Structures are given as structure tokens and as C-alpha cells.
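Once you scroll down, you'll see the structures, which are given as C-alpha cells.
Both complexes shown next keep subunit A, but they swap its partner, so subunit B is in the first and subunit C is in the second.
Our next item is the complex of A and B:
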């Protein structure tokens, strides 16, 4: 007969039971710390002026008011161009950019992963090293190129320069690599053209990767104030992020600035919460940002 | 009759043969062409907006670049050889900033990777609310870049948020700088956490069951099973964290570069900096290569 030391097993059981709560406590603490900046931003948005300039600053708001919000709305109603125009510009540019980005980058990843044309390996190596380039080196030259192309002071300047994203291509390629080749071969035997294989097989299978790419790129284009500042000379082509930045830099408007930062941050979080399950899936599969 | 059939088949074969011969594009060639056509829009973007600017900046680093050359389309005129590089190396301020950024990377990278591995191991355990915690640790990735700079910038206050929080606590006020560092590290380790989480999925559960039956503690199973399995990813994450800390937009070198007026020196410094980054990463890979397999 098998002899089992019951006491020992019980002890071992008990010993192991502590790990659960400890993990929970540690993770909650760490999670709270990474949430702190957000919480601080929210609480600052509701602070009255006398609390905003308190030193040392308080973390939580004591007498919450909506004054900062009304301040912001007075600022926006006095702007050169109606607020709705800035909002339209940002939404329009963001939607166009994300749509073209997904189209261009999925199209590029399809042959890289499933079509192996000569030189595809060298190209992919180039992509991975391109992640390491110091883009500050290319600042002035890209300005020259953009002005030479004549796309400055149009909507195109928001959209075109960022399309060839190495990060997004990398993500898409990693994901498509895990789709078995046989699916595409079956499609080919049934007489599908390359375009059909791409639109009917590759695109639907990359849905989760697309959601991830959208979430990762959304913050960049939504909060992009630099492009408006550098390449756009007409006020009615500038974006919301640029306008929100012009509000800042004035001590009297510190509260309004906090509210505007909050407004700029919220869409990213909302989009993430909506798409969260898809993204976590992609992350676990491709293992890359 | 039989003869007739035979000739028919032959002619078909011949026809097929001839068609293959006469088409300029063989099957293989056509496939390759189609592949290239699909990636052309992306390639044009890459060449036009990344490679050409980079090439131009290499060129600029060997010239004395002034405003007139740039904006009046006269082209670069004064070739100065390596003068820009010499000037940058001689500049004590630039050297100090670059050295500082390397030093901070040196202590931040191990902390980030260790923290990320720790959190990933915890997040892999089965406990209630696991999905929510995973989401919490992932949120910095989405808020990264522009949005995060809102949070850490001068918009809401002069010092960073974490310094402010502890500034009003008498016990912790001395640790303001450290707390702010910890916050930064946690915000930057989220991608590494995700990579580790993905790597941990590949460790077979049966191994843990076996050592559990043998009476190993969680500590022992971590050192003898988890770590050997994820060691390639530890190195990958180290490289990722190194690159990330070198090209991060909050890096003081970046603000130094963006503030430089002499474009030639600016280009020279950024290429020197990139070269040094590459050397550091190559040395690291050289030393860790035997753990990669």
C-alpha cells in the first residue's frame, strides 16, 4: 500500500495558500502606482485655483469644482477658429491615417510573410534595425523633403509621413507568420487571385492585429501637436492637440490645461477598453509591442 | 482511332509547352513581382520618409551647414570633413549628457527587466481578477508617447507627478526623486511584461507539476524551470529596454539634439550617439550569446 503522510500534505497545503493574497496585494500596489499619474490628472482637473497653486501640492482634490471646465469653454469660444473645426480636423485626420496605415502595412506584411520574394529577408532585417535609428537625426532632412513634396499646409502632411511604420509592420508580420500556409495554398488551388487571397483570407485573419495597431497608433496621431506646429500655416487646418497645447503656458490657465489634457487622454483609454480583449490576445501571440 | 487520340494529346501538351515558353513572366517571376507590388506603397514611404532623410543627415554631418544652404535650395557647399565630429567630441556639455544617459540606462535596464519578469511570473498565476491586472499593467503602452508626455510634462506642475505626491508626505519627502524614478520604471516596463507573459505561456505546465510532486518550492521551480526557459527572452528584453532607453523621447540627449542650432554638429552628434548605442548593444549580445540557445 502507498503510505501517505497526511499531516505533511496538510502543512504543505497551508503553506502554499499564502501566495494568493500576497500576489494580489503586490500587484494591486504596483497597479495603483502605474495608475497614479492618471488619477492625479483627473483630480487636478477638478481643483479650484487656490488648490492648484498650493505648495506642497495635494494629491487629491479637497473642494472639487467644475470651474476649470467652464474656463476651458470660455477659452475655446474665444479662439480664432471655431472649436468644432479643430475637432473635425483631428477626427478626420485620425480616421484617414489609421485606415491608410492598416491598408499599407497589411499589404506590405502579406508578401513578407507568405510570398517570400527575393530579398525579403534583407528587407525584414532592415525593418528591425530601423527601429533603432535615432529619428532626431532625420528631423531637418524630413522637413526639407516634406516641403519639397509640397504636402505641407495640407491634410496629407498628417497622414503620409507616418504610413511606413516599422512597428506596425513588425506586429502584422509576426501575427501572419502564425497563420498556416496551407490556407493560402487552398485558396490558390481554388483559383483565387493574389488580391482575393489578401482581402478574403489575410485581412480577416489579421483582425486582432489590426485592432492592436489601431490602439498603438491612435495616441500618436490623436495627440500630435508637432505636425500642426511645424508644417501647417493656416489656423483652420490645425488639430485639436495643437489648440490644447496653445492653451497651456499661461499660469492663469493651469486648471484649463489639466482639463484639456484629460480630454486628450480619454479617447485612447475608451478605445482601449472597447478593444481590450482582442489586444491582449494579439500581444500574447506575437509577443511584441 | 487510337492514333488520332494520341496526336490530340500531344498537340495539347505542345501547346501548353509553347505557352510557358512564350510568356515572359514565368510562374515564379510573376509571384515575386506580385509580392513586390503589394509592398511597394510601404517601401516608398520607408525610403522617402526614413532612408532619404537619414542619408541626408549623414551627408550633413560632413558639411558646414548654415540656414542659407538649407532654405534657399543652394545645396550643401562647404565640406568640412570630420570637423563636426571633432567639435562634438570636444564639447564637454554634450559628452556629459551622453555619458549620463548611458549611466542611467546601465542601472535602469536591469531594474526594468527584473521587475518585468517578476510581475509577469505573478500575472501568470491563476488568481481572481487576473485579466484586470493584466489590463492595468498594459495601460502605459497605450498611453505611451504623446499622451504620456502630457502626464509627465510641465503642463500640470513643475516637477513630475511622482515627486509631487511624496513632496507633501514628511516621511517620504527625501525619497521624492527615487519615487519618481520608480514610477518611470514601472511605466516603461509594460512592453517587457508582455513579452515575458508571452514567453511564459510556452513553458509546459507538466514540468511544474513534476517538480511540485517532487516537493520543490515555488522559489526552486522558478530558478530551475522558469528562468532557463525564459532566458532568451531575458536577453531580448534587455536589448529592447536598452534601445528603448536610448531613443526614448524623454532622454536628455534627445532634447539636447533638438535644441542644437548648428545642423552639421547636430547630425554628427546623433550619428555618433547611434554608433555608441549599437556598440553597447553588440557588446551585450557578444557576452550573452551563449545563453541565447
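Our next item is the complex of A and C:
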């Protein structure tokens, strides 16, 4: 049987198939074009001032320097709050947010996927529909709710409103759907409580989905300048992204801006590189069935 | 859900004293579940509670409030006044800027939506054709642009499309002799949207793209062999007869994200406000009314129109792409 198939395939490939190498070359070229602007970003961050405004403009840096980095710190030394405080705020808020996000969303996805409680279908349908919600369009009601709850001007305002990420919940639920129910039933027979089933079985199973949640949500919180702008009135609670936005747009600070945008972008990319295989594992079940 | 709960309580409380058998049947028929069953799953509700509480307070409630406010005139300082459909009438009939914003957004969405979608699928498919060990590198190269922050985009593309002769594109075109004076890429009324679209396309391989890459990886290899027996041998035929049907769920997921993303485009390369409002989008127009003019009722009407548009298109995507069982 196998022999017949191989023969058939050989016959079908009478003409030599060059499509493999062609695809590889095409993909490499397109990949370079796609990635080039990021290389430019890195290169610009190391350019001395005379190269930044060179005519005709250059792509790669010739005499790399760290001057832009020290420029950035000079800019920040004039600000009301030290650079380290902005950095701390961003890191603190990001870590808290991602941790709570994963907790809240994994907690919700486990029953949605594995329990047939009344309303589970309707709720999941709501989540699927909510993938299309434009919450940003309801700015004023959101603002009123947040100020009424009194979480404005605290770290909570960065963390709480974004916790219910429907994209993350959706991906986690689809991922858990393909895990056989028997695992949980076996746990139940052994007398484990639902909380135990969640912490000891569901959470470890969702490890890859957690990595995906981090990738998809990291950029949003790390680069969140809007929240600082709208809800925070004290400078020492504001984030790095907010500060970076305030120094941008000034020609004299082109180099410093390049460095700052590097700081805003690089962590996302590094996290993606580290976690890529896990993300792919989760995404394999991302479809809407 | 809450409504369901309440009515269950009412129903089961009254006839519990009388004929228990019939009550059970009635409630079961009307609501599908008994209160007892809901109680049995209390742990499930407990686990989903944090998510849905946050979801209701910060997503659902603002949207419902917006819908209600869209029928009022409200300047925040005074109480809202009910004005019926006035906002919608003004929106569609008397507000030329909305039509401008709408057509700009549509222009953007019609190009970036489908092109980004097809490009995501196409590159994901190509990546699936190369040997395993190279894939991660290509995925990174194509996905990285969508990870870049807004500031970074401005740094990179600002220099590319700079309006003076030091911009890369202008410098190149001048050198090649195509133009004699620099083109105002981000200020020319006819170029603002195209330039914005080019930049958007560069970073359009996002979550949907990842979903596709993973979806292709999940296609069962045996299906290719089975298809080969039926005479499906070339890559292109395999795409048509095996890959596309097998990745339908991913196609739907990505379509939903793509539609939402394309219509909620915010700022353009021209900044805001832009010359002759050539870079005005629905989201920016909405922001003007809610954030600057404090005409919340009117801003809400814009939000409702935008949401209905997105949900409507989403519905169509579901109709077209969802597996009918």
C-alpha cells in the first residue's frame, strides 16, 4: 500500500519541483523588508547627532555611540520625577496586571470549558461577541465608572479595568476544550475539590496559554500612556510610556526618542522570542468552531 | 444571566408547596434548569465571577450606557436631556465631518482589513511550507512589527515619510530624478490616508497571523497523503482542498479581529487635526466630541453606529465562515 503511494507521488513529481527554494527566497526577502524598520530603530538609537541629520540620510550607524542614552537620562533629570520612578511604575504595574490577568482569566476559562453549568453556552457566546466590542468608544461612561469607584489616581486603574480580556479568555477556553475531560473526572473521583482541580490540573495544563496571554497583553500595558494621561493626577504614579510620549516630537531629542522607543518595543520582542513555541501551541486551537 | 436567575427563583418558590412533579416539569421546560442545579454549580459561578464582574463593569456597562446616552443631549455639567433620534439625524444628515470620517475609515478598512487578512494567511501558509527549523525565525520577522509601540512606529516611519528632502523616500526619489521637490507625504490631502495604510499594512500581521501559523501546523499530515491519492499534489491544490477547509475556525477568529481592528483605526500619519480633515477617522471624530467638546450624547451615537457596523460585519463573517454542524 505504502509502496504504491510513493510510486504515485514520484510519478506526480516528474517535473522537478523548484517551489521549495523559491518560497524560501521569497519569504526571506519579505521577512527582511518586514524586519528592516526594527533594525533601523536599533541603528538610530546608536547614531551620534551628526548622523541623525545627515543628508542623504543613512540607514546603518557608522560610529555607534551611547550618547543618546545619556541624552535621555539628561532629559529625565530635568523632569519632576526621576526616570527610575517611571520605570518602577511601569514594571510594577505590568507585573501586577499580567499576574492578575492570568489568575482571573484562567479561573474563568476552566468552568466555561469543563462545567456544564446553566448559562455556560450563553456566556461563551457573549465572550465571542465581545471580541468585537469597541470599549474605547465608550470613553466617558468608562471614565465616570472609574472615578465613581474611586480607583482613579491609584495603581488599580492600570490593572483592574483591563482584566477581563475576552481575547485571552477565548484562547484559553479553546485550548482547554481539547484537553480530555477524563483528566478532571479522575481528579474528581479521587475526591479533589473544584479549587484543587483548578490549581493542580487546569493551571499547569494552561501553561502555554498563560504565555500567550502574556505576549498578547504585554505590549498594551507596557506601552500604556493613555491611563496615566486620563486617570492619574500625580506625576509619581505615571508610567514610562506616558513620559516617553511627552519627550517625543522634539527635533533636538530625535536620538533620545529613538532610544526611548527602543525601550518601549524591545521587551515585547524579547518576550515573544522566548515564548514563541508556547504561543504557537495555544494558537493551534484559536479557531472559532 | 442575572435575569435568568431571578425568574428561576420566582418560579420555583411558588409552586414548591403545591404539585412538586408538575413544577419541576414546568421550570425545566421554560428555563432548562432548576435552582437546585444552579446551586450545584456554585463553584463554577464562583470561579467565573471575577472575570464577569470586571467584564460587566468595565466593558458591558459603558457600552450599554453609551447606547442609552446616544438618545440624549448631555454636556456632563447638566443632566442628560432626552432628544430621541436627534443625534442620529444630525450624524447622518447634517454632520459633513462625520461623513468625511466615515469615508476615511471605510477607505482604510476596505484596504487594510482584507489585505492584512490575506497577507496574514498567505505568509502563514508560506511559512508552513519551509522546514520546521526556520519557521520560528520567519514568524518573528513578520510578527515583530505588530509588537512595536506607537512611538517606535513614529520614529521609523516619520523618517521614511518625512516631508523634507532628508526623508528616505524623498531623498531616494530626488536622487533617481522622479521628483524635483520633496513630496509632503504626511500633509498632502491626497496622500495622508495612503501613507497611513502602507504603515498599517506593515504591522498588520498580528494575532490573526499567529493563529494561522498555528492552525496550519495543526493540520493533520495524513490528510495530505489522503489527498495525494485523490490527485492533489501541488502546494496550491493542497492549500485549496486541505489547508483552507482545515483552518476554517482560525479564518473566522482572525476575521473577527481584523474587522474590529480595521474599523477602530485611530490616529493617522498626519496627526490630529489634519489638513482638510483628510486624516479624520471615526474614532478621532468620536474623541473630539467626547473629550474636547463634551457632547457625550452625540459621541455616544457615533460609538453606537461604529459598534453596530462592526457587529454587523462580524455577524456576516460568522455566517460565511462558521462550521455548520
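Definition applied: the second predicted complex is superposed on the first by the 248 of 289 C-alpha atoms of A that agree within 3 Å, B and C clash if a C-alpha of one lies under 4 Å from a C-alpha of the other, contacts with A are read in each partner's own complex, and residues count from 1 in each chain.
Here, contacts are C-beta pairs under 8 Å (C-beta built on N, C-alpha and C of every residue); 3 or more make two chains touch, one makes a residue touch a chain.
Since this is a predicted model, take the numbers as computed values, not measurements.
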**Study point:** Fit-or-clash call for subunit B and subunit C when the two complexes are aligned on subunit A
**Key:** clash
Practice item. Once the structures are superposed on A, label A:99 by its partner contacts, choosing first (subunit B), second (subunit C), both or neither. Key: neither
Exercise for review: Identify the partner contact of A:23: answer first if only subunit B is touched, second if only subunit C is, both if each is, neither if none is.
Suggested key: both
Exercise for review: Applying the touch criterion given at the start, work out whether A:257 contacts subunit B, subunit C, both or neither, answering first, second, both or neither.
Suggested key: both
Review point. Is A:167 contacted by the first partner subunit B, the second partner subunit C, both or neither?
Key: second
Check your understanding: Which partner does A:122 contact after superposing on A: first (subunit B), second (subunit C), both, neither?
Key -> second
Review point. Touch check for A:142: first (subunit B), second (subunit C), both, or neither?
Key: both
Study note, to complete from the structure: Overlap of the subunit B and subunit C interfaces on subunit A comprises residues 12, 19-20, 23-24, 26-27, 30-31, 34-35, 37-38, 40-41, 44, 56-57, 59, 104-105, 107-108, 110-112, 115, 117-118, 120, 123, 130-142, 144-145, 160-164, 166, 169, 194, 198, 216, 219, 222-223, 241, 248, 254, 257-258, 261, 264-265, 268-269, 272, 276, 279-280, 283-289
Point to revise | Of subunit C, residues touching subunit A in the complex | key: 1, 4, 31-33, 37-38, 41, 43-45, 47-48, 50-52, 54-55, 57-63, 65-66, 69, 76, 123, 126-127, 129-130, 134, 136-145, 147-152, 154-157, 159-160, 165-168, 171, 175, 202, 205, 207, 210-211, 213-215, 217-218, 225, 228-229, 233-235, 247-253, 256-257, 259-260, 263-264, 283, 286-287, 290-291, 296, 299-300, 302-303, 306-307, 310-311, 314, 318, 322-323
Point to revise | Complex interface listing, subunit A residues touching subunit C | key: 5, 8-9, 12-13, 19-20, 23-24, 26-27, 30-32, 34-35, 37-38, 40-41, 44, 53-57, 59, 104-105, 107-108, 110-112, 115, 117-120, 122-123, 128-142, 144-146, 149, 160-164, 166-167, 169-170, 193-195, 198, 216, 219, 222-223, 241, 244-245, 248, 254, 257-258, 260-262, 264-265, 268-269, 272-273, 276-277, 279-289
Check your understanding: Where on subunit A is subunit B touching in the complex?
Key -> 12, 16, 19-20, 23-24, 26-28, 30-31, 33-38, 40-41, 44, 56-59, 104-105, 107-108, 110-112, 115-118, 120, 123, 130-142, 144-145, 160-164, 166, 169, 194, 198, 215-216, 218-220, 222-225, 241, 248, 254, 257-258, 261, 264-265, 268-269, 272, 276, 279-280, 283-289
Review point. What part of subunit B is in contact with subunit A in the complex they form?
Key: 31-36, 38-39, 41-46, 48-50, 52-57, 60, 70, 119, 122-123, 125, 127, 129, 131, 133-147, 150-152, 155-157, 161-162, 164-165, 167-168, 182-183, 186-187, 190-191, 194-195, 197-199, 201, 215, 218, 243, 246-247, 254, 257-258, 263, 266-267, 270-271, 273-274, 277-278, 281
